[in-house]
Amino acid sequence: MLLAHNDCIVFAGDSVTDMGSQTPVGEGLFENLGSGKSYVRQVESLLAAVYPEREIRVVNAGISGNTSRDLLARWERDVLPYHPQWVSICIGINDVWRQFDCPAQKEWHVLPEEYRENVEKMILSVKSMAKGILLITPYYMEPCKQDALRVRMAEYADILRELAEKHGCTFIDLQAAFDAYFQYRHSSYIAWDRIHPNYVGATLIARLVLSHLGFDYNHVPDKGE
Amino acid sequence: MLLAHNDCIVFAGDSVTDMGSQTPVGEGLFENLGSGKSYVRQVESLLAAVYPEREIRVVNAGISGNTSRDLLARWERDVLPYHPQWVSICIGINDVWRQFDCPAQKEWHVLPEEYRENVEKMILSVKSMAKGILLITPYYMEPCKQDALRVRMAEYADILRELAEKHGCTFIDLQAAFDAYFQYRHSSYIAWDRIHPNYVGATLIARLVLSHLGFDYNHVPDKGE
Amino acid sequence: MLLAHNDCIVFAGDSVTDMGSQTPVGEGLFENLGSGKSYVRQVESLLAAVYPEREIRVVNAGISGNTSRDLLARWERDVLPYHPQWVSICIGINDVWRQFDCPAQKEWHVLPEEYRENVEKMILSVKSMAKGILLITPYYMEPCKQDALRVRMAEYADILRELAEKHGCTFIDLQAAFDAYFQYRHSSYIAWDRIHPNYVGATLIARLVLSHLGFDYNHVPDKGE
Amino acid sequence: MLLAHNDCIVFAGDSVTDMGSQTPVGEGLFENLGSGKSYVRQVESLLAAVYPEREIRVVNAGISGNTSRDLLARWERDVLPYHPQWVSICIGINDVWRQFDCPAQKEWHVLPEEYRENVEKMILSVKSMAKGILLITPYYMEPCKQDALRVRMAEYADILRELAEKHGCTFIDLQAAFDAYFQYRHSSYIAWDRIHPNYVGATLIARLVLSHLGFDYNHVPDKGE
Amino acid sequence: MLLAHNDCIVFAGDSVTDMGSQTPVGEGLFENLGSGKSYVRQVESLLAAVYPEREIRVVNAGISGNTSRDLLARWERDVLPYHPQWVSICIGINDVWRQFDCPAQKEWHVLPEEYRENVEKMILSVKSMAKGILLITPYYMEPCKQDALRVRMAEYADILRELAEKHGCTFIDLQAAFDAYFQYRHSSYIAWDRIHPNYVGATLIARLVLSHLGFDYNHVPDKGE
Amino acid sequence: MLLAHNDCIVFAGDSVTDMGSQTPVGEGLFENLGSGKSYVRQVESLLAAVYPEREIRVVNAGISGNTSRDLLARWERDVLPYHPQWVSICIGINDVWRQFDCPAQKEWHVLPEEYRENVEKMILSVKSMAKGILLITPYYMEPCKQDALRVRMAEYADILRELAEKHGCTFIDLQAAFDAYFQYRHSSYIAWDRIHPNYVGATLIARLVLSHLGFDYNHVPDKGE
Amino acid sequence: MLLAHNDCIVFAGDSVTDMGSQTPVGEGLFENLGSGKSYVRQVESLLAAVYPEREIRVVNAGISGNTSRDLLARWERDVLPYHPQWVSICIGINDVWRQFDCPAQKEWHVLPEEYRENVEKMILSVKSMAKGILLITPYYMEPCKQDALRVRMAEYADILRELAEKHGCTFIDLQAAFDAYFQYRHSSYIAWDRIHPNYVGATLIARLVLSHLGFDYNHVPDKGE
Amino acid sequence: MLLAHNDCIVFAGDSVTDMGSQTPVGEGLFENLGSGKSYVRQVESLLAAVYPEREIRVVNAGISGNTSRDLLARWERDVLPYHPQWVSICIGINDVWRQFDCPAQKEWHVLPEEYRENVEKMILSVKSMAKGILLITPYYMEPCKQDALRVRMAEYADILRELAEKHGCTFIDLQAAFDAYFQYRHSSYIAWDRIHPNYVGATLIARLVLSHLGFDYNHVPDKGE
């Protein structure tokens, strides 16, 4: 697995990442990493349960309602001080959502060009220090590919894909993973509002993230490793 | 307008009708008819504001989570005692929803045949006493017509249409009204979970219901009427 | 209708406007615009339901307990930054009410001359930028025209009427609208304390405001408009 | 003073009497007799402060929202067991109020004939055991005598006056007392909703009730009395 | 009565005065003057009920737990800005109480000499502006005159008496009034903890204070007064 | 010490015993035995800390507000099922207190003769099964021996003393213990209302009770004991 | 994997199973299956995420504080009506714990012989209907094998092992799994009280249970399966 | 006993000391010294009950979650201003615990060398002013001496022992006291999480601390002492 003993991984994002975690940043005991519906909470539980011989610091830097603009504004305060070996960025949903549920509030909308700049600034600030950067696509749990919000979200995901290629980041296509799942279950099974995953939805995200980190569920720890 | 002085209209349904109204049945002061996001609350407000010369009794008999099976079970207790001149039935969403978000809980699902029987029993019990019966389609605020849940919901709406024709009820195609609206706004603008309307969504429902009752927004009351 | 696509309208006022809206200023999702008993909430719902093809920004800048003195003091912070095309001012109730329910607290009373100055300053500050300014009369839902508080309130309404004429504002005689309604229903039907409207009372206000804006309830949106 | 050592007085009524007292009946320590806005609480405090040498049992049998119909239904349970020397009845406000704020809910209205019967049954049930029965008029703190609700309330007060004369009860014209007070202060000074008194309003009621009981504020207790 | 139209009276003190009033200073509507167990609340209610033709501003400047040291520290902020015609000071209970229930916390104790200085500073600061200053003795509702706490409290009351004579203030011997009452009722009847009065206890205080202000309970207001 | 391994002791009483314990009867984990201000809680803690080699079942059967009449009524349900080796009865405070703080509520008063009968019935019901019965005097933390309530309480304590002698019970003179303590500290130091002990007051009671049980604070447990 | 499409599995147990699930039995949406710290919640999430093509009904029948005696008493009501293909039993911790934290409350202790009988009755009642029965050992997250509570718990685990062999159930040695984990992490890392697992602890249990059910984390669903 | 009349003793520590006491420092009435599960609360109660003739100021300066680093940082603010004659320090549990329950959060760990420095600084700052300094060992209520956390905790206790010898402080071996107790009762009897004592556990601590202060439970106060 890619995460080594003593590595630190910071998950930055919005409410999907936050899910009740300590504000602004949480780690360690109790609900600090978020409730059971936080994929970060699930990622940490699986890492600790399966790889107990490695001490991996997992940090939840998600805050509900954040756009990429909000996240960039607090990047220096909430992410950089951890000097993380790994950084995960899952942002953009609110950049798009507000364009559809608050159409008249124009200055709340973060348009694609600004989104690209915001995320690229985040990448550049950690690129030299990190072993890896995960870029997780914003998504809409809407099976219909012609849905206007979903179409718009895809533009942002494409920007993320370009940035991943340009900067050598790990691109995680969460939208594609949900689409695959919807072949079997209806989207309402994992989220009523097409955005906030329930327990099962968070498990899907956690499993996808871990698969990109080389996580082996059947790993047997070895004292001498 | 069809509702006459001293008429009583009972709105039976699930959480879309209920919206915080008094349980099991509410009317009169305070939030008894539900919060501002209840279309019943809005219907009553418009009737009272525009037609103050007519005293119309408006009753909210919606209960959250109800399927047609649940509603039928309490019909005698919650609807019949009012001897209503008008009865509105908006049921079926949970009959379908549970098939998709709780697929393994089979006995929670109300299948089309039972739905037809349940609603027909309701109709028959009030047919002779009522001046009119409104049948409002269950709906899914999903723009994609191929969505499996929406397809399933349409079966139930079709049953309702058949029953309306068979028994001479007023058929209100709420699904169609939402579809028309989605030409202009995204579904997330009026409901995040594609079911529970926000204030704007409730206004859409209230306006549609009132239009079937011959409501005239520009009506000027006349003392001698 | 007067409100055009991309227009912004700010409703400034006291508790009648506020009704649980976000403090100091609210707009957008959830209860930000106030509960269902806020006429602003109802205005926005009707605009969005009937004119979905126009994106109109509706802002609630009401704060409970405000007199015209309080509103003027926060005018620069709460109203001007929106550069609104339309401004609605409904203030003065507390200027008068405190003279009757707190007679000994003299410095809490805002007398007519100060009221005139306060409102005129508000008008002047937005006159050049706005397409229209609505002046809504303070009122007392008291059918008896000789009631001392009502008589006093009428003085303030008269000042408002003069200011409207002087500055070409739209004058909305809410007191007169309530009086007309009391021909049919008792004032306790829409407000127990003669000030704070319930759902029906708020609908009366919303309908009156919209009528001055050329709102057509039967409007059918047209994509090509 | 009329109340003698060891006498018991029960105050029966609606929310004006209740004001947070223990349900269904309260007496003794803490808030059992109601908050400071209960005239019963004030009556007891004045009796105990000024006449400490007499132990007078004061009982609050008011329940919010009660009409004369509700009060009669619980009369045997809540009033008779105390074998009171004195009974005070202040009921009727809700009998009338619902006719105006819930006009469509006809069966919630208690009409004059039923009101007369209800109160007379109460009187008859205690007439032989009691030293005195106080009949306090229902009221509406509305200065305008032509107000429809006030006119209607006056009908009920008249019935009370007739019953008082017929059965030799003490008639307490609370409406008249409020009217006298409104020569000096506006009705909003003692109640915003024209019904529920604030502290000052409750003091007015308590003082009026006590004056009919021969209460002497300047009384000096005497050990040998 | 001594209090004239447009006079202002400020009641300064500790929890006995405060009793849930607005912090730091309260007046006007709602519970601003304290709950029904505040003698200030009762004084205001009686003044307003019996003398409606005079507008008298009543201000509650009591704060729970205050010693004379605490009260002096906030005197300039909480009392002087009102330019009161009348000032009432009821302080000292906590100065003494802490000597007995927190004997080891020496710096919490306010000793007699400091008490004298604190109160004298208050008197001097308002002496020239006020028509009258009321000095209400601290007290202990303990019938036993040999009780150590009561003996100590009497020292403070004596200081107050001396200050009243020296500066021409009105001396109100509340301890004596309670003693007189205890001839008829046990102290537990008006306060369980010998300090905080219940409703009846507050009525005793209010009546005593009013008697020193020439209050006439049987006063009949006269329009031409 | 008198309490042997496997003995059970039930403490019956009123709020002084109860102090937040589980209702109606509490034992075991958490706050079941009451808060830290319960002498039962302190007794159990000292027994368990000093005599860990003996398993002693400690049961709190106190309920706030109980008179001897109330306690007797639930004796069969709350005390007898435990088949206790030891029973402690501390009752009577409310029998007396209500005579002074609720003088008009005669049927709430439990007079001496009834008190004697109530307690004697309790004694007789457990006399044959118990190794010992503790009778703890009701008390009033009033230093003044002439205080009427204290004088009355002493009558009840005397009855208890007589019953103890007649039936061979252990008589615990709690009133005398408090009196001794008041030579050093004022009564307000251990209870503001002269009834409900604070932590220190509860420690005094616990220590007194334990001293009658032969408790040795310096005991060293011995495995072979 | 052993669990087939349309299978139902009921998890019966105590607080470790319950963890905030609906009482007495929960399944389906929201927190019905318990919080994220419930291994049942995690089992269901993994099954649904990895095997979406199979609809498996997962039921949480755990109740906090239950001993085997309590579980048996509600077995007929809470487990049998589901006609489960699979039953998991994790009970016994409270049978033992109370012997150590409530040593004097003898009748709260469930001794080994009764434990054996209780569990065997459960097994027998479902043996014929179920495809498989899982017996999960009670445990104590105490690394020290000589600890008295742990030694006692081992007796109960041994009984479970015998019953598993006798009746052909699946024996899941959870105590052994925890012991293996404690080679890498201290027990306080997954539970402070050695009983209630945190998120990581619950993940360990869920993974162990799933491994006995042939769960494959890397499974790829196939429409045609 | 060592504590003399007018002495002050400050108990500094973490949650074991804090237990709900006023933050940051508490003393005097109510729960200021912590709940009944605070050994400080119990120490004060015993001192005051047994030695009423000595006024001893007891101060709780514990704050939950504190490590020695945290305590040192607030030492000047929270301890020194009291000029205590006696200082008790019970710190170190969190220094060690976080190494085991938050292994990846390295900067939360306080290692032995820093611990020694932190505590020594505290000692040096009060050494000259205090009559005595109590050093209470951090502990782990784990009977198994090979447990890694316990082994680690012992290192810190050893440092404390060295510091006590070096600076002439009173060394209180709380770990040893718990070990002795566990010969009779299981550790779960006094604390489920092996750290936070329940009532009985706190009594053990209080008794141990008092024994080092020469406390005599059977002391009889003497006025002339």
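Which chain is which? They are A, B, C, D, E, F, G and H, in the order written, and residues in each are numbered from 1.
Assume a residue touches a chain if its C-beta (ideal position, glycine included) is under 8 Å from a C-beta of that chain, and two chains touch if they have at least 3 such contacts.
Note that this is a predicted model, so its numbers are computed, not measured.
S.K.: If you check the contacts of subunit C and subunit G, which chains show up for both?
M.R.: A, B
S.K.: Shared interface numbers for subunit F and subunit G above half of all numbers used, same, or below, different?
M.R.: Subunit F and subunit G contact each other through largely non-matching residue numbers.
S.K.: So using the touch definition from the top, which pair is joined by more C-beta contacts, C-E or E-F?
M.R.: Between the chain pairs C-E and E-F, E-F carries more contacts.
S.K.: Between subunit C and subunit F, tell me the centre distance in angstrom, where each centre is the average of that chain's C-alpha atoms.
M.R.: 66
S.K.: Which whole number of Å gives the spacing of the CA centres of subunit B and subunit G?
M.R.: Between these chains, centre-to-centre, one finds 44 Å.
S.K.: Which subunit B residues sit where two or more other chains touch them?
M.R.: Subunit B, residues with two or more chain partners: 29, 101, 103, 185, 189.
S.K.: Can you identify all of the chain pairs that touch?
M.R.: A-B, A-C, A-G, A-H, B-C, B-D, B-G, C-D, C-E, D-E, D-F, E-F, E-H, F-G, F-H, G-H
S.K.: Can you tell me which positions in subunit E touch subunit F when the two form their complex?
M.R.: Subunit E reaches subunit F through residues 97, 100-101, 103, 142-144, 146-149, 185-186, 188-189, 192-195.
S.K.: Please output the residues of subunit F touching subunit H within their complex, sorted ascending.
M.R.: Contact set of subunit F toward subunit H: 29, 33, 35-37, 41-42, 44-46, 48-50, 52-53, 181, 183-185, 189, 198-200, 202-204, 207, 217-218, 221, 223.
S.K.: For the complex, give me every residue of subunit G touching subunit B.
M.R.: Touch list, subunit G to subunit B: 6, 8, 27-29, 55-58.
S.K.: Once bound in the complex, which stretches of subunit A touch subunit C?
M.R.: Touching subunit C: residues 101-105, 108 of subunit A.
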